[in-house]
Each structure stands twice: as structure tokens, then as C-alpha cells.
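Below is one structure, written out as C-alpha cells; comments come after it.
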Amino acid sequence: MIKNLNKFKKICHKINLQLSKSNLQFQTFGNVSQRIDSKHFIIKPSGANLDKISCKNYPIVRITNNKVVQGNLKPSSDTPTHSEIYKMDENINGITHAHSKYVAIWSQSQKKIPILGTTHADYWKNDIPITKKLTKKEITNNYEKNIGISIARVFTKKSKLKESPGVLVVNHGGFCWGKSAEESFLNFQRLEFIAELGYKTLIINKQTKMSKSLVRKHFYRKHGSKAYYGQK
Amino acid sequence: MIKNLNKFKKICHKINLQLSKSNLQFQTFGNVSQRIDSKHFIIKPSGANLDKISCKNYPIVRITNNKVVQGNLKPSSDTPTHSEIYKMDENINGITHAHSKYVAIWSQSQKKIPILGTTHADYWKNDIPITKKLTKKEITNNYEKNIGISIARVFTKKSKLKESPGVLVVNHGGFCWGKSAEESFLNFQRLEFIAELGYKTLIINKQTKMSKSLVRKHFYRKHGSKAYYGQK
Amino acid sequence: MIKNLNKFKKICHKINLQLSKSNLQFQTFGNVSQRIDSKHFIIKPSGANLDKISCKNYPIVRITNNKVVQGNLKPSSDTPTHSEIYKMDENINGITHAHSKYVAIWSQSQKKIPILGTTHADYWKNDIPITKKLTKKEITNNYEKNIGISIARVFTKKSKLKESPGVLVVNHGGFCWGKSAEESFLNFQRLEFIAELGYKTLIINKQTKMSKSLVRKHFYRKHGSKAYYGQK
Amino acid sequence: MIKNLNKFKKICHKINLQLSKSNLQFQTFGNVSQRIDSKHFIIKPSGANLDKISCKNYPIVRITNNKVVQGNLKPSSDTPTHSEIYKMDENINGITHAHSKYVAIWSQSQKKIPILGTTHADYWKNDIPITKKLTKKEITNNYEKNIGISIARVFTKKSKLKESPGVLVVNHGGFCWGKSAEESFLNFQRLEFIAELGYKTLIINKQTKMSKSLVRKHFYRKHGSKAYYGQK
């Protein structure tokens, strides 16, 4: 028996609803999942109208093999990508996927987002990475799982994962994560905002550079043991 | 006696209202029609304030000659364009026309929208086509009918129609279709969203290309007998 | 005694409120006036919070000398510009002035808006004109009146006025007019929309051109004795 | 005992709430302070959810040493920057800081905002200045105080301060001030609006120039003893 299952289901539904009503989501594109223990997570049903379903309908998925262990609705078609992301680190407890405008635009442009300002440095310590293109074979078989593997390839060093709560998937959109579904959603809002600032900054100044010390100052003002932003 | 006439009138009014309150419509520009049988469709009255009319006022038009067979309000001036689109395929049961921002911008720029990302490939299997310019004679006589004919010229192969639920009309705006008025409206929202993504992607990367296998993967994930997106 | 004075005051207040809540207005910038007879008009009080005043407070201004003949609030500082516009044609019965985004951007860029699409041709038969820069002397003395005179210089031929319900004022913003305050407001919404479409079209295609016959078709579909758009 | 303390706390909370619900603020970024006497000001608590706190919780800070003299919540991490701004001029009674889109974009682009139109000249008499980059040492120690010092360096001449109610901080965002928290917020809205107009104007016309006499006319129409905009 999984602990706090109902609580997790409510949270997962709540953040999916929040995403669906935010500027990040277009029509039914996008999904949020919430890890419930080391081996399982809850995820939005595929192509569902969230106003018509209850959190009880959410499928529970086993990370190792993407099987639905509870729930009668089909999970999001992006489920195997979520599984690969959960495998990257046991501290990832929530994932948000969306095709928001500037995230999709950078993804389609096949470029990483350069670090140009303090708003970016508050959350990502480097350029925001983008996955490599999949091969024809990777697209044809196990497509969604291979997207997840291409994300994991970006973060082969664990340290990199600590400095990057999200990634662009080439030609597609973005994935963000966090210690809860809610944090992954907040990180996605940040990703979209940073993506728009970076896009528009480069249009008027292609030479702009930011000093490493300013990046470090902002990143560690909000992260790690010496963070001093916010209430204790 | 036409079957389900009142139901169709309610649907047509509902989707016209939805369009008028969406970001796709500016002032009274734009209109939606709903086919009611093989020979007729219902369409928004010309320049009407939708909050003041009832669905009973919607005119019914005969496809072959654009005559109003029921209803006392003048149909949209774009009516003959709708007729030509309905003639293209008996499975087209609803049409949405609008001048939304990025659709109008691409139309004014006289360019098709190149396929640059998976959001595009989810609905259009190729670049989104644009009609050829009309001749002076085609503009002067039967202008709106000739727009429809210029659309039909884009889809002389039936197979192309299955891979493209809408088109740009040069210098003007767009038309989308579907198996109902509602689906044509959803397709128009997709067209506008894809148009904005494509526009902004090209501004930062003019060389971007998408692999054919990725296009096929996304298109057939949502269309045809092997689609696996959404609930059964 | 002026006929229908209260009715006109209510209309003028209503359209000023509509402007202030629309995307066209920023803070208290912008104003609407309504002609009440051949010699007078009502106009928004200068820098007023419209939610706190009644339509009774609106000042009535004499066109010939800009004197307030009724009302205890100071009229908009742009009042002398309105007067010059009313002098251009007795059929101008309402005027809207705003610094909406794309109107201000074109004005600041010191360029007329080229005619690039049918949405433009539905309302303006040519490029949307921009006033010439004022001389230092014209700026120092009677500035607002001289803006009005610079607008009138654009329309020395009466025929041009029939084909252009508004103008850009260089470095500043726009003025639109119509047969009522409401129509001038609708024309301003059109100006802003056309300004945005034109701006974004030119960014992706600087060579785009529209045929004269298509312009004429659209303009006369909505204007003049052969118009066939809308209900009778 | 500080005079009107409760009144000031209410105002400060009100304007912080207004900022948080405006288009200027993203998530919890941004803060407003209100001077309460020559030596102290009230400021938003760091990273606080404003809907959950009362104005009583706002910390009171001493300008000379940034110590909290009342209140149990940590003040905004930007507090030392506010202190340096209050030191510039005793007539500065309110400060708003935000990372709104176009303000952040100009800051990231490391450029001042050129004066291109009357909307700009209504509030800033010259280009909107940007601070110089901090040295590595200035970033590492007393970072937020050094930002304030870099702002003060822009305004070493008192006259310049009268002609500029705000500034860009390189790579970061903006600060605006005024005779009250509310005025500083209104000035920030103006900064964002002007930043957007300037950005988009330069994209279509890099050569645009505005005459000095037009700048002076607009600035002094709203400021100084000869201002004639608004009600007396």
C-alpha cells in the first residue's frame, strides 16, 4: 500500500489543472507527473479534459517498465519520457512538460538558451541545454523512451543536474523537474520567462556577455547552504 | 425536412460565439459554418453582433449556387468561399475563417509556413500551403467564389487534403476545416499557434530543418489507424 | 440650448471608459471627443480618473477658439488638435486619440504604414499617412493646435479624407475619426491591429506588395454605394 | 514614535500587492518600499507570499546601516539597494524594483534606452540610463549595496535625478522612484511601456531621431512650474 496516495493524486491533478489554465499550455498539450515512491509516479491521462475527470482517474505508472499498476485511463503518451527522467535522480519528485511559446521556439531553433541575465542565473547556472536529435531508428521505435534517454545523456554528470532544473527537447518543447510537481511547474514558468528574455535580448544585442561572478552570485543567493533569499 | 437542424444551428452559433470571444477574432471579422447535409450548410450572418441574434436567425445556404434557402439575414460575404471548400470533400463538415494575427501576417508576407517542429507535425504533415494570387478578373467578378477555387487548386490531390486541415489565403487570412464546426475551430487555433512559433523560430534560425521521420512520427501518433494519442 | 446634450455626454463618457479599459490605452494617456453641433464638441477632462467623474463633468469646447463654454474641469491638453480635425470636415463627429503600442511604434519610427493586406484595405485605401515633423517654432507656440494643422495638411484633398479614417502623428501616436465617437474608437482599434500586422509582416518579407485591384475590392466591399458587407 | 506608521504600512502593502498582480512582476520577483521618515523605510519581506501576510509583518529598515528596527520577517534581499537610492535625495519617498520583460531585456542587452518618442519624453528628459558593470569584488562583497552605489554614480549631478525617475541595472532589471511608493510604481509602468516602444521602434528604424524642442515640450508639459497637463 502506497503512503499518502490520495494526497499525491490531489496534488498531481491540481498542478495539471494549474498548467492547463496557465499561459504555458496550448489546448491539451502538456502534462505533469508526481512521484509517489521510489518505483512509481502518477501522471495525467492522455488527451484528457481535466475539468471532467477526478484525481481518482489518474493512472499510476511503474518507472522500470511504464506499466499502469492502478487506474483505468491511458497515461499521457509522454509517460516513458517521465520514467527516464525519474531514473536520473531519486530527488526528482515531480515533472512538468509543456510546449509553451518561447520554449517551443528555442527548441525548434535547435539552440541552447545562452545565459544573459540574473533572472536566468537565479535558476540555471549555465546555458539551458538542448537534447541532441534522435536517429531515425530512435524515432521509429520507443520514441518517447528515447526522448527521455536523450535527456539523461545531457546530464551524465550528477553535478550538472543540480545546476539545471530543466531542458529543451530539440524540435519539440521542454521538461522541468523539482522536488515536487509544484516546484517542477514553477521551474517551467521560469524556463518560459527566461526563454522569452533571452530571445528578445539577442535580437538587439548578439554580443552580450554576463560575468561568471555575477552568475555565481545569483545562483548561490537562491541555492545551496549559503542561500539568503526568502524567509528561513 | 433537414435532420437535426436545430442541433446544427445551436452548434454553429456556439462555435461562432467561441470564435468571437477568442484571440483569433478581431471585431466582427471571421465566421464559422456547419454543413447540415450533402447540399447545405449554416453560416454566420454578415457583420452580425452575435450577442444580439439567436441561432434561429442563421441562414441556410445551398452549396451549388450559394442561395439562401432559409433564414432572413444575409449570410457572411465569405459564403461562396465556404461552398467551394465543402465541394472539395464530403467529409468536410465545418469551416472556420479568421484573420488572426500570425495567420494574417504569414498571408500578408505571401509565404507558406515551413514545418519546423513537432507541434506543427502533430496536425499538418507538410508546410502549411498558401493560395496563389488571383488575377484582376478573378478579383473583380465572383471574388469570394474565386478565393474558394484558389483553395481547391491547392488540394487537387485528395491525399494532400488529408494531411492539411487548413490553408492560408494570400494577403488575407486563413481557412480551416474538420469533421465538425468545432474541429475546424480547434484546427484554426492550432494554425495560429503554429504560425506564431514558425514566425519567431525563423527570426533566430533561418537554417532550421526537421527530419522527415520525426514529422511522420508526430503526424501518425495523432492521425490514422495507428494513432495512440488520447483515450480510446 | 444644444440638442441631445445629455445623450452626447453619456456617449462621450462611455467611449472614453471603453478606451481606458481597452488595450489601446496606457495609464491616463488617450482621449475621445464627440461633436455636439457644428460649433462645439465634448471632450475628456485632462488627466482625469474616469471612474471617479460623471459624464456631467465633461467640458464643452468651442471649435473656433478652444474656449470651454460649459463644465468646470479642464479639457484634455490635446483639445486644440481635436478642433483642427473637426474643422477638416463637417461629417467628422467623433475623434479618438491614443498611444497604443504599434501605433506609437510606427509614429516613433517616422514611417507611414504600407498597405500589405486585405484587413488594411478594408478601412484605409492607401498607406496610412504620417504627419511631417513640426518646426521648433510650431512646437514652442500653440503646440497642440499645430499638431492639428499638420494633420489637416495631410488631407488637403477632401477625397483623401474619405479613404483614411485616421493618421499617425510623428514621434507621438495616432488620431482616428468617424461619424460618431464610437466609430472613431472602432477605427482606432483597426489602426492598432493593422499597425501590428504591417510591422510583423515587414520583418519577414520586405518585398511584399498588394495588387491595386485587391485593395479596391476590399475597400469598396465595405464603403460607398456598392458596399455589400453586413446587413442592410 | 514614527508618525503615520500604520498608514505607511498599508500603502506599502497595497502597492506591493498591485505590483504582484500587474504585468510587471513574474512570480515573487520585485519589491516596493515606502520611506517613513528621513532615516527609515518599510519594505516587502523577502520571497513572501503577499496574500498570506499582513501589512503589520513588513519590516522597518534603517537607511544608514540596513538594520531591521521593527518587524519579524527578513526584508527583501534588495534592501541595501533601496537604502542607497534613498540616500540620493530626500525627496525620494518610494521605490519600485522589478524584472518586467522589456526592462529586463534592455538590462540584459547592456544598453541605455534611446529617447525616441513623446511618451518617453513625458517622463524622462534623456535616454534612460543603465548602470556600469560591477567588478568581481563588488559582486562578491556587499553585492546589493554596490548595486545601489552604481545607481548613485549615474546621478552624481542632482539635476539629472530630476529628469529621470528610474534607471536600468545592467544584466538585471530596473529601479524607479517617486514622491511615494505609488508614484514609483506608476513610473515603473511607464518605464516598461517606454522600454517596449523603444525596443520595437529600433527594430524597424535604427536611424530615428527626435528633436530636442519636442522632448522639452513634452517633458515640461507634465513637469515643473509651467506644467499644464491634468487638473490643478
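Letters A, B, C and D mark the chains in the order given here, with residues in each chain numbered from 1 onward.
Following the convention adopted for this analysis, contacts are C-beta pairs under 8 Å (C-beta built on N, C-alpha and C of every residue); 3 or more make two chains touch, one makes a residue touch a chain.
On a predicted model such as this, the values are computed, not experimentally measured, just so you know.
Placing every chain at the mean of its C-alpha atoms, the farthest one from subunit D is found to be B. Although subunit C and subunit D carry the same sequence, what matters here is overlap: shared residue numbers make up under half of all numbers found at their interface.
We define each chain's centre as the mean of its Cα atoms; on that basis subunit B and subunit D are separated by 47 Å. We define each chain's centre as the mean of its Cα atoms; on that basis subunit A and subunit B are separated by 34 Å. Listed for subunit C are residues 203, each touching two or more other chains.
Contact between chains, as defined at the top, is found for A-B, A-D, B-C, C-D. Of all residues in subunit C, only 116-119, 186, 189-190, 193, 196-198, 200-201, 203-205, 208, 210-211, 213-214, 217, 221, 228-232 touch subunit B in the complex they form. The touching residues of subunit D, counted against subunit A in their complex, run 26-27, 29, 45-48, 73-74, 77, 99, 101-102, 104-111, 133-134, 136, 139-140, 143, 171-173, 199, 202-203.
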